[in-house]
Structure formats: C-alpha cells, structure tokens
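Next, two complexes with chain A in common: one pairs it with chain B, the other with chain C.
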Partner chain A sequence: MATRNDTAAPPAKEGGAAPGRPPAVSTEDERRHRARLSRRWQRDMRWSPYAFVSPFFLLFVAFGLFPLLYTGWASLHQVEMTAPTDMTWVGMRNYTRIFDDDFFWNAAKNTLTIGIISTVPQLLMAMGLAHILNYRLRASTFYRVAMLAPYATSIAAASLVFVLLFGRDYGMINWALHFVGIDAIDWQNDKWPSQIAVSSIVIWRWTGYNALIYLAAMQAIPQDLYESAALDGASRWKQFLHVTLPSLRPTILFTVVVSTIGASQVFGEPLLFDANKGASGGAEHQFQTLGLYLYEQGWVNQHLGRASAIAWTMFLILIVVGIVNYVISRRLRASS
Partner chain B sequence: MRARTRTARKAVVLAAVATLGAGLLAGCADDGGDDNASDGSSSGSGKGKTTITLGLFGTMGFKEAGLYTEYEKLHPDIKIAENVTERNENYYPALVNHLTTNSGLMDVQAIEVGNIAEVVATQATKFEDMSKVSGVDKSKWLDWKWSQGTTKDGQTIGLGTDIGPMALCYRKDLFQAAGLPTDREAVGKLWAGDWNKFVATGEQYKRKAKAGTFFMDSPGGLINAILSSEKEKFYDSSGEIIYKSNPAVKAAFDLTAKAAEEGLVQAQTQFQPAWDTTIANSKFATIACPPWMLGTIKGKAKPEDAGKWDVAVAPKSGNWGGSFLGVPKSGKHVKEAEAFITWLTAPEQQAKLFKVQGSFPSAPSTYTMPEVTGAKNEMTGDSPIGTVFSEAAKTAPVQVIGPKDQIIQQGLTDNGVILVTKGKSAEEAWKTATKTIDNNLDK
Partner chain C sequence: MEPEDAVPTARKVRRPKSARAGGQMHGGPIAYAILILFTIGSLFPLVWTAIAASRDNNRLAQSPPPFVFGSNLFHNLDVAWNDANLGKAFVNTTIVAGTSAATIVFLSTIAGFAFAKLRFRGRGALMLIVIGTMMVPPQLSIIPLYMMVAKLEWTDQLQAVILPSLVSAFGVFFMRQYLIQALPDEIIEAARVDGASSWRVVWHVVFPAARPAMAVLGMLMFVQTWNDFLWPFLVLSQTGNPTVQVAVAGLGRGYTPDQSLIMAGALLGTLPLLLVFAVFGKQIVGGIMQGAVKG
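Let's look at the complex of A and B:
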C-alpha cells in the first residue's frame, strides 16, 4: 500500500490542491482548468470514501437488512414454503404460540446446556494450551498450526467422524470405555450423553482457535512483569494467576462474547450428529438446539411463518444476551 | 505526470468499484450456479448440441445402466447431463424452493413417491402435462403409479420410473440355526397373510437364535413394511389426515412396539453407518426388501455372504419407494426433455434399468420380459427374484398417499417406535410421536 510519503494521499484540506506543484503561470484558460481539476479533487476526496465502503453496506442491505425485515414481515403471516407468495395475515399468533410451544423451550434449554458444557471447558482448555505454547518449545510453529487444524476442518467432515466415534455398537469411545468396565453408552439417544457428544465436537473445533487468540494476547504481555514477579519469588502458577490472567481480561471477555454468540447458534454439529433425518435433534429432541428447531420448522415442515417468528425470537434473545455481556464487561472494566 | 497517475489510480478505483458492483448484481441475478455448471450448451461442448439437464437424488441408476449414452447415440444432437443430490431430504426442499421461485430448475426433475402427492397438489402449474406428449401411453404404467403423478383434473406432472414392490429378505443360515425352514415357499407360508404371524415367527426365532442376532433390523423397517401394505394409512381417500384415528396405523405401531419390547428388532435406524455395519456383521435375520434393497445389501454385506440371503413373499404385499420424472415449464429445453423422459421411462428402458440396477419397473408389460423373469442377484443366489417381486407388484394395494406422508411416517418411526427400544412403553412412545407430528403439521 501507499506508505511512502510522496505516494500517500494528502490530508483533505479545504480547497487543497495536490501538494508539491510548482505555482503555475496563470493564463485565464489554465486557471479555469486548474479550478475545475480542484473541484474534481474535492468531490473525489469527499465522496470516494463512501464508494469504498459502499460494497459492504450494499451487501449488508441485500443480504442482512432486507432478509431481517422480510423475515419480520413473514413472521406475522401464515406462509408455507410450497407457496411463499401466498401469505395469510395472522398477527402475533406465531409469537404467542411460542410461549406454550414445548419444543421451542426444550430447544432453548438444550441450546443453553450445550452452550455451557461446550464453552466453559473450551475456554479453560484454550487458556491452558495457550499457556503451554507460550513457553519456549521446540517446533512451536508446528504446534500452533496444528491447533488451528480442527478449526479449518469442515463441520460436516468432523461431525461424521464423531458420529462414528460415538457409535453405540461399533464406536471407538464405547470400545475404549469397556476396558475400564463401563457399559456401552447410547450416545445418540440418551439426553446427557448426546449433549456431551455434541459439545465435544464444538470443543474440538474451537479450542485451538481460542488458544491462539489467548496466545497472541499473552505474547503482548511485557516480559519485565514476569521478570520482576520472578525476582519477588512468585512461582509459575502465581505468575499465571497474578500477571497473565489480569492482563488477558479484555481478551477473555472478547472470547466469552464470541463463544456465547457461537453457542447460541449451534447448528451444524447437532444436525449431523442426528442418526435420523437431522433436524429433530434425536428421538426425544434431546439435543435439538434453537437453530435446529428453526430449520426443522422452515425447511423440513415448510412453515416459513413459524420459522420466521422463531428466528426473530432468537434474534431478540441474542440482543438480551449481548446487553448482559456488555453490562458485565463494563462492570469488570470499571473494577479493574 | 502526477496528474496522470492520479487519473490512472482513479480509473483503477472506478474499475474496482464497478467490478464489485457488477459482482453484486450478478450474485443477485444468478440462481445459485448449479444450472450453469451442468448447462453444457453454453459452455463449450459446442457444435449446436442441446444439453438436457436432469436433477436427481440418490442413485437412480440411469447413467449407471448406460441409458444416457444409448440415447445420445440415437440422437447425436443431444447431450445428457445429470446433477445428483445425495439425499432426498436435501434435494426436495431445494426443488420446492426452485419451483416456487421458478428459477434454478433443470430440464428434468425427479420427484420421490413420498413427495409426489404434495408436488401434485401444490406445484402442478409449474410442470408440463406429460399425458399430452406424443408417445406417452398411459396404459403402459400400473394404474396406481400413473394416478399418483396426476392431478384431479387430469394433468400428469410426472412419469413413473420404478416402484418398490416389497418382499422379505432373510438369511437362510440364521433361519436354519434357529430351527426355522429355509425354503422360500415354506418361509412365506410361516407368515402368509398376517403381520402378527411375522412377529410370532420372530418369537420362535428368538428362542433358538444364534447369539447376538436379531430377527429384524429396525423398528423403522418393520413399521414401514406393515404400513406399506395398508390401503389407507395417514390420509383417507378424501384427503383428510386420519393417522391418529386410523386403527391400522395404531395396530402397526403397537405390533412394532411389541416386537421391539421383546427384542425382536434391533435398536437401529436404517441407512445409518451402524445399520450398515450390522448387515456386514450378519446380525439381521430379515429385512423388508423392495428390489432396490438387494442393491443396498449387496453394497453392505461381506462378499462371503453371497448366496446366504433369500427372498420370500411378505405377509401382505406392499410398496416401498419409486420415483417420477417431470418437466418444469421454465426449463430451457422443454420439448427435448419431454421426448427424452418419454423414452427413458418406456418399458424397454425400465427393463434394462431393472437388469442392471434392480430398480423394479412400473410398466407391467415388462414382467414377462426375460430381463425381469430371469433376474438373479448375487446375494440371493439363484432365487427367481423377478417372479417374487412381480407377484408383489401385482398384489400390492393401491395406496392412498398424502402430501405430508413423509413427516408423519418419520415422526412415527424416529420419534415413536425407536423409543420402545430405549425402554419406553408403547403408550409413551405413541404420545411423543403424535405430539411431534401434530407440531410439525401445524401451520
């Protein structure tokens, strides 16, 4: 990019012409020409930035805002996928029925529990791994790249492998468990085992990613802090507790927020973990998440209106979660 | 000089913005690319050839049976390209979406029998009327197959390909070990006419069964087999949903639940990896078996199991599976596509498809052709499978099918009888299933 002074764009001054031009000899013609150039320069300076940022906003309007609003509109109607233009106004009915829709609340509960049992261990493990990688290691680049490998694998491929590992009759995990005297666990059909299995796919995929974020933040911590702590006789563990952790606070907050959002939208893993046709999240909906329920209503059952209402409810829940996160992070920042 | 660089830079910027904008517009206008990919007519195959594109799901076998090559040889100006989606659960929502928006459709689209009622009821206006195409002779198809693809006012939106007359595949060695007859006539007599007798045979089997084996593969397979042989299951002939009040459905559910409680069926879901492995390990004594299932078994079983299977008539004949081919009006080559599927679904081609792929013809005139009567399958040795399945095809009831059959059946299976294998009572399982189904049907 233009980093050299002479090629970088000059700051926009009122009526500023290009710098470094020799003062021109002025015939009337040339002055007019110059004035015109200068007007074009001004327009360029004023409007070009908008042109530069416009692709994002055009994309956002086309693929973000419009679908969002249209979904809101559809959620007030009864509309089926077989005839999406054929809408019947039902007002708030799609929303009111969510209140006594057992399947929705079951999905909400599952999303919460799967979110907790995947996010908490994930972040703790990421922290531990980052701490280890922060030591001087041989082939450290290799380990760092290896950490990111699960993140780079497609969910589909990963989930299919996990389905095989967690198989009840021929899965490797049950086979290993039987050596320590644990009977075959039906990972797909029992509530907690299935949720743990789904969480394990999430954990496997995202731990390395979070670890690298932590590692980056750890490497920004000044070395002198550790040196002086060591001089004061602090052990490695004490150093971690009193130097590393406090310095990482903003990073931890960031990962918590990102993971929370990710957890509330878990979709691919439970979809592919299901032995059945996918979206019902197990025989008793024991690992059906909100994302899955939305998909089931919209794409399997073809009720676009209901699915839209679920989507908007999820959106509102996410906003609440976001506000809670924001309040907590402000408190924490204020206290530090 | 400087001024010129600036204009040059501006030109680059403009070009970049223009490209991005154009890309954006193109992104909106494009229907998702899948039709471009297979549309060879515009992309280079050249020489004025017309490319007919087919949207299919699973393995329908036309290509594998060499039918495209044959047609291309007969019509040198035609090229055939297929676009296959592995699973119908993914294929069908996309098809509906394309039909309702009238975009992204292939010249020919396949429709599964479980969806045909819904497509006939809601999307008929998007399809050509195949009954009006020259060379299409209604009388060549089984009556019920023809009427499934036809609307009330007589528009035929799809021509039948195969059907799935159902028999029962069984393992001769496992039957022998359990002290049951192994001859297919004698086996058929064990349960002739009544699914209760089938379950009773299962009880007999279990008493002396080889350890670790199960009489049947899965609760889903059993309830599906029983329901396939009913004339009315989820809808009555006037189109009302009756699945909850239909005694035949409840009886099928309870009988399956009973078999599950007694451990006659294994707690498996069909077509899942574990089910595949169980076939390979020879743990199932019987599987409900339309002809195409023989292909599945052949694909999963170990080679040394060849000849250990046999096919007997089911307690009551039924039908499981089969598809239709339709021509969307918005396709690029409607006339060519119509001519092509007329040829593709003609009896001669159906017979070839059966011979190579095991897809059973929906044209009864083929049932006396040597391709059908002389058919053999590696897994079932020298059993005359053609005769067994033709018999089933002729005696299967004309079933009332409805738009939401698939959702209802899936609920009964995956949220119902499977729970009995997990120790739930039949009543609890029925409650979970009906609650799920009602929620899924509620608009």
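Let's look at the complex of A and C:
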C-alpha cells in the first residue's frame, strides 16, 4: 500500500482535524478538504464495524430468527400444506393434539434413547482416542485424517452402507456375530437392535471429529500441571482424572451441548435406515425420532401447524436441556 | 506420513520442553493397537462401499459377504450415474456448496474481523447473539422457509437451497478466534495512519492475514454444505433437480432396489470429498482443532 508522507499530522484516532495542529495547512481550500476527509474518516471508523457484521445479522434474521418466530405463530394455527396461506387460529389445540398422540411420545422416547446410545459412547470413545492421540506417536497425522474420513461421508451415503452392513440375512455384522455364537439379529425390525444400528451411524460419523476437539483442548493444558502432578507421585490414570478432566470441563460441556442438539434432530439416518424409506421409522415406529415425526406430520400428513407445534416442543425441550446443563456446570465449577 | 509434522504449530513449539521434562509420554503398543482398530473401523465401511459397488446385486445377497473387489465396478458406476441423474446432481451440488462456502468465508471474515479487532457499541452483546444462534436447531425454521419457497415457486430450484445456507455463526466465531491472535493490532494501526479506509484495511491487511483460516473454513463449509441432507431433501425432487445427497438417497427407492447400484451411487457421492480429504486432510484436521480451542 502506498504510504502518504504528508507533512500534516495523520488523522488521529479521535477528531482528525482537531484544533492546535501545526499550521501546515496553508489555504482555506485545503483546510476544508482536510476537514471533509476527516469527517469521512470519522464516519468510516464509527460505522464500518456495523457494516461488517450486518450481513450476518440480516441473513440470520431473514433465515433464522423470523422463521423461528413464525413457526411459533404457525403452531397456534391450523395450516395445511395444500393451502399454506390459509391460517385458522386454534390456540393450543395443535399442542394438545400431539401430546395426545401416542406416536409423539414414542418418538420422544426414541429420540431420547437413540440420543443416549449415540452420544454417550461416542464422547467416551472420543475422549479415550484423544488421550491416546496426545501421546507421542508415529504417523499421528494419518490416524487423525483416517478417523475424520467418516465426517466427510454424507448421512445419505453412510446410512445406505450401514443398511447393508446391518442386513439380517447377508449383512456383514450378523455374519461376524455368528462366529461368536450369536444368532442373526433383526437389526431393522427389532426395537433395540434397530436403535443401536441407527445410533452406530451417528457414532461412526462423529467420534473422530469429537476426538479432535478434545485433543485440541488437551494440547492447550500446560505441561507444568502434569509435571508437578508427576512429582507428587500421581499415576498416569490419576493425572488423567485430576489434571486432564478438570481442564477439559468447558470443552466437554460444549461437545455435550452440540451433541444434544444434534441428537434431538436425528432425521436422515432413521429415514434412510428404513427399508421402505418411509417417515414412520420402521413398520412399528420402532426408530421414529422426533425429527422424523415432524416430517411425517408436516410433509406426509400435510399438517404444517401440527409440525410447527412439534418443532417448538423440540425447541423448548432443548432450552430445558440447556438450562440443566448450565446449572450442572455451575455446580461442578463451584464444587471444584 | 512423517510423524514430526503431525501437529499444528502451537504444539510443535512446546514439544522440546515437554520432551526434556518427560511430560509427554510415548505411546505404547496398546495405544497403537487401539488406534489401528479405530482406523480400520473408520475406513472399513468406506472401503467396503467400493467392494460392494464392484459386485452385482446377487452376490451381495449371499453369505459370506464379499471381501474382495469384483469386476462390475465401472458398469455399476455408469448405471448409477445415469439412473440417479448424478451428472446434474454434481453440477448442482458444486454450485450450492461453492456459493455457500465462498459467501460464508467472506461474510465470516469481515464480521470476525470486526468482532476481533474493532471497537464498537454493542460488540459484546452482538457476539453473544452470534454464539447463541449456534444453539438454534435448523429444524425450527424449515416450515416457514418451506412455505416461503413454495410461495415464491422456488421448489426444485437451487436458490431455495443456497439462500438459507449463506450464514454460519460457527464461521464468524472461527474467524474471530483466528484473527485475534493472527492479526497484530499494530498492522491495522499502521494502515490506519497511512489513511486507509476500513474497506482498504480489510482488503489489504485482513484478507492476506486471514488467508490460511479462510481456506480451512472454506473447506469445512464446503464439506458441510456438500453433505447437507434435510433441507435439500425437502425442497428438491429426487430426479428432476437433485443435489448429490438427494440423488443418492433416491437410489434406495423401489421394492427391490439393486444394492450394488446403491453402493455405486454412495461411492460416487462420497468420492470427491474423500479426495479433498486425502489431499488437504492435515489442514482440515488442523482447522477443526483450531476452531475447537475457545478463548
């Protein structure tokens, strides 16, 4: 960039054309010109930060906030897919309707169980992996990239592959299990096996990603902490318990929150894991999640108002989970 | 891959010290065994996709499942490509992911710069809102968005997919974290003293300084948009004007779907990203780890 070596003082931080500057300005014209520049400068300093952040907020309001509020509004109306502009006020009826629906509670339960069996082992394994990756290792980049490869795989591709791997008659997993004397499991139609299978897709795609996040946090822990712990005679395991875990608490909380949000929305995996590619989550709704239930109500049964009520119920549940998380984390911090 | 350049710089700098103090342990055989097990677990489904795609449907309905490649790969890829309209899907997905990633990177960089380096009223509160938006589940907005798209008659058109994916709170956060430490205040001041306007500062100082992070964010966002499923699935048809994911999902339809064709489609849909990973894996890993450390 060209440097302007003016004799006059460069625009100072506040009020460029402040009085008392050296009398370098000779003519009236030049003085006015400088004053104008300085005004423009001030305007620039003052408003450009807003110009830089406003695109984000404008797009967020248009495609995030407005739809969020509108969903709440629509949830109080009867709206059908066939005529989305005809809205009839029904108050809380959409909510009472879905709360009376056994499939809603079934979907809520499935979302919870699938959420737990996908998130808990995933984060535990990620933690263990991160701990190992934090050792000095040969070819450690290779392991990291390899473990992240599933993250590059889409839900669609991963789900279709897992359908085959979990096949009842010719699937790889049942074939492997028969060597240890386990009879063929009907991964698609039995309740728990199907939920485990759906969860395994989530686990497969996200464990490596979470391991990297933990690893990054572990590398930010000062080595001195370990050194002094070692001097005090703490074993590796004790060091992990008393140095690593406490330092990782904010990161763990972050991954728990992110995984919880992700788990509440599981949609593509159960949709594609279903042999009929339907929204019911299996013939007996055995792995229908709330996300799938929302899709079924809105796009299959065409009740957009009811689907909106489901969406807002999911949102409220997440807020409650968020508050519980916050309280737990404060308790933990207070106790340490 | 060489072990030494495995980690981002922050750790490399610290490493000699820890080695001297004996703080960082060498991994034992158990560590390697576990890592190799997980590596196999991560890669096996991908490799097996390719194996299944190289067989024919009848062979997949036999026990034991195939473990070696067959001879049908190119035939299956060819049929899947044509059946699922994958050519068009690839063009579509490239447009969608490219536009979204480029816009997100641009908007995130300028917003991240403002949050990292500029002082303005309401900065803290606005940043909190950005972080808060990460908590809002996208499923909450799909119904009005769908109504909007239907009303504008954008069903099956790419702008319906692109427009809602142009912002990323994660991106703003990521660039802010990077610029806080990567861009010294003195450089901005110097440019200011030289009389540069804010846009000139962004163009000549911020963009060059942020380039590595922009590249990583661009790749992350490209991967994410490429793999997006729910929203494209709702607004695009599976045969008329699909993205790759929607087209691949559509391959599984029908009562007796041809599994080897489905696997060929899944392989085709995943291959471009796996290639990106094979080439830029290290940078992507570094980027994810960098975004993870919060300040």
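As a convention for this text, the second predicted complex is superposed on the first by the 312 of 336 C-alpha atoms of A that agree within 3 Å, B and C clash if a C-alpha of one lies under 4 Å from a C-alpha of the other, contacts with A are read in each partner's own complex, and residues count from 1 in each chain.
In this text, a residue touches a chain if its C-beta (ideal position, glycine included) is under 8 Å from a C-beta of that chain, and two chains touch if they have at least 3 such contacts.
Remember, predicted model here, so these are calculated numbers, not experimental data.
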Touching partner for A:Ser280 - first (chain B), second (chain C), both, neither: first
Contacts of A:Phe240 with chain B and chain C, given as first, second, both or neither: neither
Which of chain B and chain C A:Ser154 touches, first, second, both or neither: second
Which of chain B and chain C A:Phe103 touches, first, second, both or neither: first
Contacts of A:Asn189 with chain B and chain C, given as first, second, both or neither: first
Which of chain B and chain C A:Ala83 touches, first, second, both or neither: first
Contacts of A:Trp204 with chain B and chain C, given as first, second, both or neither: second
Which partner reaches more residues of chain A (counting touched residues only), chain B or chain C: C
Touching partner for A:Asp169 - first (chain B), second (chain C), both, neither: both
Partner chain in contact with A:Trp299 - chain B first, chain C second, else both or neither: both
On chain A, the residue positions that both chain B and chain C contact, one per complex: 44, 48, 51-52, 55, 59, 84-85, 163-164, 169-170, 277, 299
Touching residues on chain A, where the partner in the complex is chain C: 1-4, 10-11, 41, 44-46, 48-53, 55-57, 59-60, 63-64, 66-68, 70-71, 74, 84-85, 125, 128-129, 132-158, 160-165, 169-172, 175, 204, 207-209, 212-213, 215-217, 219-220, 223, 226-227, 230, 236, 250-251, 254, 257, 261, 264-265, 267-268, 271-272, 277, 291, 294, 298-299, 304, 307-308, 311-312, 314-315, 318, 322
Complex contact set, residues of chain A against chain B: 18, 20-21, 37, 44, 48, 51-52, 54-55, 58-59, 62, 78, 80-85, 101-103, 163-164, 167-170, 186, 189-190, 275-278, 280, 283-285, 296, 299-303, 305-306
Footprint of chain A on chain C - complex, ascending: 1, 3, 5-7, 10-11, 14, 17-19, 21-27, 31-32, 34-35, 38-39, 41-43, 45-46, 48-49, 52, 60-65, 107-108, 110-111, 113-115, 118-120, 123, 126, 129-130, 133, 135-148, 150-151, 163-164, 166-167, 169, 172, 191-200, 202, 204, 223, 226-227, 229-230, 233-234, 244-246, 248-249, 251-253, 259, 262-263, 265-267, 269-270, 273-274, 276-278, 281-282, 284-285, 288-290, 292-294
Residues on chain B engaged by chain A in the complex (per definition of touch): 2-3, 6, 10, 13, 17, 20-21, 24, 28, 89, 93, 96-97, 100-101, 118, 122-123, 267, 269, 272-274, 277-278, 407, 410, 414-415, 418-419, 422, 432, 435-436, 439-443
